[in-house]
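Chain lettering (A, B, C and D) follows the sequence in which the chains are written, and residue indices restart at 1 in each chain.
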Amino acid sequence: MESEAKWESVLGARYCRGSPLLYILSEKNKTLIWRQLWIWLAEAEKELGLTQVTEEAIIEMKNAKESIDWSELRAEERKLKHDVMAHNHVYGRLCPSAAGIIHLGATSCYVQDNADCIVIRDAVHYLLNRMAIVLSRIGDFAEKTKSEVTVGRTHYQAASLTTVGKRACIWAQDLLISFKELERFGSEQRFRGIKGATGTQDSFMTLFDGDEEKVERLDNLVTAKAGFTRRFAISGQTYTRQQDVLLVNALASFAAAAKKICMDIRVLQAMGELWEPFEESQIGSSAMPYKKNPMKSERVCSLARQLITLPQTALNTMAEQGLERTLDDSAVRRMMIAEGLLNTNAILLILQNIVEGLTVRSSNVSKHVQEEMPFLALEKALMYLCQDGVDRQKAHSIIRTTALEAKEKGNVSLEEMLSHSFYDEVRDRVFALASTPLVFAGRCVTQTDTFLANELLPSISPYLKKKDDEKVQLDV
Amino acid sequence: MESEAKWESVLGARYCRGSPLLYILSEKNKTLIWRQLWIWLAEAEKELGLTQVTEEAIIEMKNAKESIDWSELRAEERKLKHDVMAHNHVYGRLCPSAAGIIHLGATSCYVQDNADCIVIRDAVHYLLNRMAIVLSRIGDFAEKTKSEVTVGRTHYQAASLTTVGKRACIWAQDLLISFKELERFGSEQRFRGIKGATGTQDSFMTLFDGDEEKVERLDNLVTAKAGFTRRFAISGQTYTRQQDVLLVNALASFAAAAKKICMDIRVLQAMGELWEPFEESQIGSSAMPYKKNPMKSERVCSLARQLITLPQTALNTMAEQGLERTLDDSAVRRMMIAEGLLNTNAILLILQNIVEGLTVRSSNVSKHVQEEMPFLALEKALMYLCQDGVDRQKAHSIIRTTALEAKEKGNVSLEEMLSHSFYDEVRDRVFALASTPLVFAGRCVTQTDTFLANELLPSISPYLKKKDDEKVQLDV
Amino acid sequence: MESEAKWESVLGARYCRGSPLLYILSEKNKTLIWRQLWIWLAEAEKELGLTQVTEEAIIEMKNAKESIDWSELRAEERKLKHDVMAHNHVYGRLCPSAAGIIHLGATSCYVQDNADCIVIRDAVHYLLNRMAIVLSRIGDFAEKTKSEVTVGRTHYQAASLTTVGKRACIWAQDLLISFKELERFGSEQRFRGIKGATGTQDSFMTLFDGDEEKVERLDNLVTAKAGFTRRFAISGQTYTRQQDVLLVNALASFAAAAKKICMDIRVLQAMGELWEPFEESQIGSSAMPYKKNPMKSERVCSLARQLITLPQTALNTMAEQGLERTLDDSAVRRMMIAEGLLNTNAILLILQNIVEGLTVRSSNVSKHVQEEMPFLALEKALMYLCQDGVDRQKAHSIIRTTALEAKEKGNVSLEEMLSHSFYDEVRDRVFALASTPLVFAGRCVTQTDTFLANELLPSISPYLKKKDDEKVQLDV
Amino acid sequence: MESEAKWESVLGARYCRGSPLLYILSEKNKTLIWRQLWIWLAEAEKELGLTQVTEEAIIEMKNAKESIDWSELRAEERKLKHDVMAHNHVYGRLCPSAAGIIHLGATSCYVQDNADCIVIRDAVHYLLNRMAIVLSRIGDFAEKTKSEVTVGRTHYQAASLTTVGKRACIWAQDLLISFKELERFGSEQRFRGIKGATGTQDSFMTLFDGDEEKVERLDNLVTAKAGFTRRFAISGQTYTRQQDVLLVNALASFAAAAKKICMDIRVLQAMGELWEPFEESQIGSSAMPYKKNPMKSERVCSLARQLITLPQTALNTMAEQGLERTLDDSAVRRMMIAEGLLNTNAILLILQNIVEGLTVRSSNVSKHVQEEMPFLALEKALMYLCQDGVDRQKAHSIIRTTALEAKEKGNVSLEEMLSHSFYDEVRDRVFALASTPLVFAGRCVTQTDTFLANELLPSISPYLKKKDDEKVQLDV
């Protein structure tokens, strides 16, 4: 049957096409990691003196590692209703001298949880690299546009001037916070290790005749073989699902930041100030041929909306794990973790494509600055009046009246607005400024320079590599 | 590349294997419905006198309908970044005389939204049938166990007696509420119809030279061809996402009910009173061979946890649709609707399997009843004392002391408890009751009979068919 | 200590100041309803022949009903850690002849759950009335502006024309869906009634010597006295929390609709097309005196964001109620239900104030229509070309190029755009239309008329009363 | 009107009675902090040479700081619809020589956001202290019970033995993770500082005639006066709401941990192994006087369920802040932040009370251990058989059959189970162990010792003070 005749998740089929995460999160990769974990366990047990683990068994395991018969696996699981035992049996048949010692002393979570740790680590590593590239692109954009004055907007209404690049620093800072959260997750992530059925390591104590020190070494050995430096000291059957909460929180915070950025872009595109990239042959609307829609930014917002709900799943799963372990986590983690990582990947790809092709429509930007200038100049008037000792409340009140009357009337020039004698003392100073918009933008350039140099670049530069210059092309 | 080397959603790959929903929600089904919608539109336009739509074009469209070239479609979409236009172009190439009139007057949402309406309708219809079967199974179980007295539990602590079947009615009632919500969705669901790019039907007014009555008839004709009786009078570009909120709310309420039921089963299995089905070759634990775990009920709870979060996505998508339409809904609906329906399907399959094999462990049930009987008898003593005119608060207070002292001591008989002269007047009446547990269970039998006859059966019987006797087998 | 020195919820202290809901949801109202429920129970028990309930006791209960000593109540609860028993004891002291029969046969949930039913019913009734007023205001606005042509917006980009009033119908329809959900909740809400500790009615069976028919009548009698026509047939200790899910779902769907409306208003205010009311002395910004911010619409969006999360709480509470009842619901329902109702109230007040003062800035609206007219005319050209038999795809492609080139160039007239010979056959027809914007707005007027007459008014008119003409003034 | 006649949030009225947080989060504290911030601003501006700020003005401001007329404030806000300006005006009337310079150069968020930073910092500091006490109590409990062997439970079914104290370490570790998250928030929290209306610091540049260095110093001065070491380099009008996300994530993760712990306690109380404290005069049930319910643990679960939803609000608020600032955050932060902190406080109080009075019911604990011992011994048999070279899969399969047959039969002794010759080689070793349960508990004692010494105590000891020995009494 053609694969199109069966539902597929759009995360795989549309939004992450070609991503390495699809393999990292696959059944195949999981199977190989499970087998590798069994090999590491056997090796470590042998190293520590367990004679029932033979060199021959280990060699057999290594040789058979890549040989996977999917239909046999599925049949076995259908029979046993237990995926780890199914894999165990099938692998055992492939390496008969190891059959008796595969999984020796272990409980299912030895392979399940530790493999999850490895998969998550590798996926997070990949995502951090991509996130650094996106941050680097936003940094470039900010650097390029740090002096381009634009109307600031609060409440989506014109407000004191800012610059395009300074605004991009707000975006970068929000993303950077999520990047650092995810980076911290990566550096603090703990391996589950060797813990046994209820976390007491009892089966290993039996194997090693009550030698605690050997069990401790076993735990350390396997942790090191798997490439981890930290492991949990305490566990039930699984590592604590708090660790999943920390992961998902970082992803959701990223989603929130991405959604804020892309909503900003959409509003600015509606105002004609910014264009997300629109491709040569792209069609905006099937009915309205003249349309140029910010569909990429909209897609990010749409994907982010789902990702933002994941902490609910993670927190409730954590809260509902009973005693040494209930299976409350099983099915939901198979969805939550993979989909959280993939959704993050999807958003990053689109976001990178957007930022790489972001166009400032400078003529509109400066037109809007000119339109708002008289009102912005009034803000300067307020400051000067205060400097001259006029009561701030009183000044605020008169300026407010001047401004609202002008708004009502429409198209009133600065000259007209300041014609009242109340402004006599400050009028000249205000006029002098009104021709230099950048003066109205405060410390935007310095803020941008400082932020890029002191915060952004030091954080991402360890992640950037040569080939990261490639631009993202989107499939759909 | 083997499909196992690429991530697949477990909803398709594990929990809904073989479900008809996988086809209903597939790209293929969507493509066929889009083409059918184009055919219906052309037919209706022709019927209403549009001469540019020829009989030949319609015949060509019908003949080409099933011929789908997926790689051509994907290439086209990669170019246009617009899935409806990609399909439009590819279909047009298949039927050259229709190419000029496919989609005539329509906007993308004509096919997208209306196809979603059809897919959702068909999926809901399937789920209602499955839900009715599950309700029928719970009804059978309740009927069979309505007189089996068991310890009621509040706060997970022993409380006044109830019966196993009456407790099952609580489950059935909760599910029935969700069933009726979903049924109501099905019967009130509205078609989006013929609305144009911003919902004004303007393009159709142009096509029909301003003849409003013809446009109204066009809308009605296509709605009827698609098998709907209700359609929206008002829309922007899409049907209002409130309709999605109603759907997802019904599914989430079902998930909550299923989770409550399965958590009850898990607690009762922990207390040794109930067993979910455990299959011949099933393995409970890879480390602890003696284990019999309620893994099916746990899986339902796990899946339900995710489904319960979906209203967040639906509500926020509704709230964030701007003006006549933004694309905030697009990517997220592709995930939310399909996954909500599939997750519901997955839970229903497991739930049915559980209820079909649910075993009451009667010896434990009655042992627990006997252990609690002395305390329950005290509750009767409270009633008799009040009947005899003893102050209720005073009686409550003395009985509380008697009971808590006995709990502290452990293993105290009813005789001992009632030895104090305070109980002289009621002692005999209480002893008389203590041998007939069913007397302590109030109106459980009548409540069960009444509920099954008056509420459950009338609601589900229209959905039950002969073949619904088949039992569910689970794959994993 | 001044009350400002202690945290108060802003729902009470700011956003619902003066609302009748504050009393309906108060401790005092709850206390009076509990006592009334005890009176109704005593009356009904007496009517059905329970001789221990005397006329004197009932009279005492009625006389003492309004006399509440709060500090005594708090001290009693501190001692007992059980609020119903505390109230029971205190009320008993006030009416000594009733002390022995207050709460006779009942469990705490008799007063707690049934009082919640009453409070929710009264609050929902109040909210439905307010919601009807808001809908009526939007209806008035739609009627008034149904012919005012405006640029439709999809993706926040200019799209085919619509009218201001038609757009308001989209808002009204979304709200109306929530209104009908809440109305349905109100009409289908069930009373918990007389059920006993685990829902078996056992204690009442004991009181009435096993006479099932009397217990059934008791349940019916109290239900009728409380003014309900429907009650649950099946319950554990509490009514099923599915009923709370239905309530909260309706409120959250309302919040989503309100948020969509207010986000639309904010975007339109940013585009200068619409103004929410701005009061004479209102200050827009402390720093920027010229600001006119849509702060009311923003507040609605902010409040709605919280309300939208409530279904998570309701669904999880439903899912986690164990067996005949756990206390999982207690604290969270005290927050969720009150805050959900109050938040709805707060949003309704602001929304009414907004709609009552909504100003269309017609000059800007028509200016934007003129700016987009050339592009909209191209859409007509597409239709005419298709009518004349030009291939739709080909026409779409040429028009797309014409339009995007004009967008790039800026300020291109319709004449210029249609100068190419491709448009020869349709040019005149397109020019003829371009001067009559309403022609571009399709069936907006009819759609509005039909929706108001057939859907909106019939739904809300039963709720509207004379005094509902009063406008809302906001405190903060 | 009595305060009981008006709705009050139960967080203030019931669950946090007497907590210092009620003052920290009050209007009064906010007002005083706003005024203090205005004083710091004036002082710093004066220090840096702004001559319009006089010593006299600052003295007046300091003298008037504590004088608050609430009704004047409310009237002013009703007029202006702007709370900061209302406070500004009222404060200005109290100190006429300062009226003109209060808020000089600032925007509302100067006081609002910075005050929020201070309030949050103080509240977090208080909560960290309380959380450390709870952790210390759990640590004491773990130390005391680290050798008390108990049946481990996976899937709520008996599993390999563990100890009561080791299990408490699972609880402590989960809480500790949240504690460290909150601690990190506290140490990394940034002040908003001096940023102006759109974050450009433009108004201050005007005040200081374009002297960037002075503006930088002003920002640093006020930050230091407020007691912060870190401040944001980049902001729009407000500090980024990512910081709120980090706060709320830490609180929600705490709620999840608390819920897990209390659900464990409830299940263990249902099994008779653990009792939460039950007070002398406490009433379990109004209908069932013999009841001893874990109502405190249930209340924690109930409160936590609400707290767990807060990240939705925080994330969406972050995502929906538009450009330099929209008011999307205003109303919802007034609820979310205060209620998140209070709910955390409420849970901590109850949790401390629970842990302080937690009773292990040792007789039941060891009875359950004895009942499971035969099955646990089979797990040892599995290990010994593997050690002796028997194939693990084969051994697992035979033992599984032995165990499930015994479960089915009930009450089978270890002797009977091991009677088959398959066990000949290991029977004696297994019997030898079966009399020493602690041997079955693996490394529980060492794990507990290590965790307490290396992870728990070093983390909390900086927070513990003498007076922290006081026990918590609950009011309701």
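One rule holds in what follows: contacts are C-beta pairs under 8 Å (C-beta built on N, C-alpha and C of every residue); 3 or more make two chains touch, one makes a residue touch a chain.
Remember, it's a predicted structure, so these values are computed and weren't measured experimentally.
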Neighbouring chains common to chain A and chain B, by label
C, D
Based only on mean CA positions, could you tell me how far chain A sits from chain C in angstrom?
34
Just give me the whole-number Å value for how far the CA centre of chain B lies from that of chain C.
25
Find every residue in chain D that makes contact with two or more other chains and list them.
88, 103, 153-156, 159-160, 196-197, 203, 266-267, 283-288, 293, 295, 298, 308-309, 312, 316, 320, 326-327, 379
Based on which chains touch which, is the overall arrangement a line, ring, star, complete graph, or other?
complete
Please output the residues of chain C touching chain B within their complex, sorted ascending.
52, 88-89, 92, 99-105, 152-156, 159-162, 166-167, 169-170, 172-174, 177-178, 181, 196-207, 210, 212, 215, 232-237, 240, 242-243, 245-246, 249, 252-253, 255-257, 259-260, 263-264, 267-268, 304, 308-309, 311-312, 315-316, 318-327, 379-380, 383-384, 386-387, 389-394, 439-444, 446-447, 450-451, 454-455
In the complex formed with chain D, which residues of chain B make contact?
153-157, 159-160, 266-267, 269-271, 283-295, 298, 312, 316, 363, 375, 378-379, 382, 396-397, 399-400, 403-404, 406-407, 410
In the complex, chain A residues that touch chain B:
2-15, 21-23, 25-29, 31, 68, 70, 74, 77-85, 88, 103, 106-108, 196-197, 203, 266, 279, 281-288, 293, 295, 298-299, 301-303, 305-306, 308-310, 312-313, 316-317, 320, 326-332, 334-336, 338-339, 342, 474-476
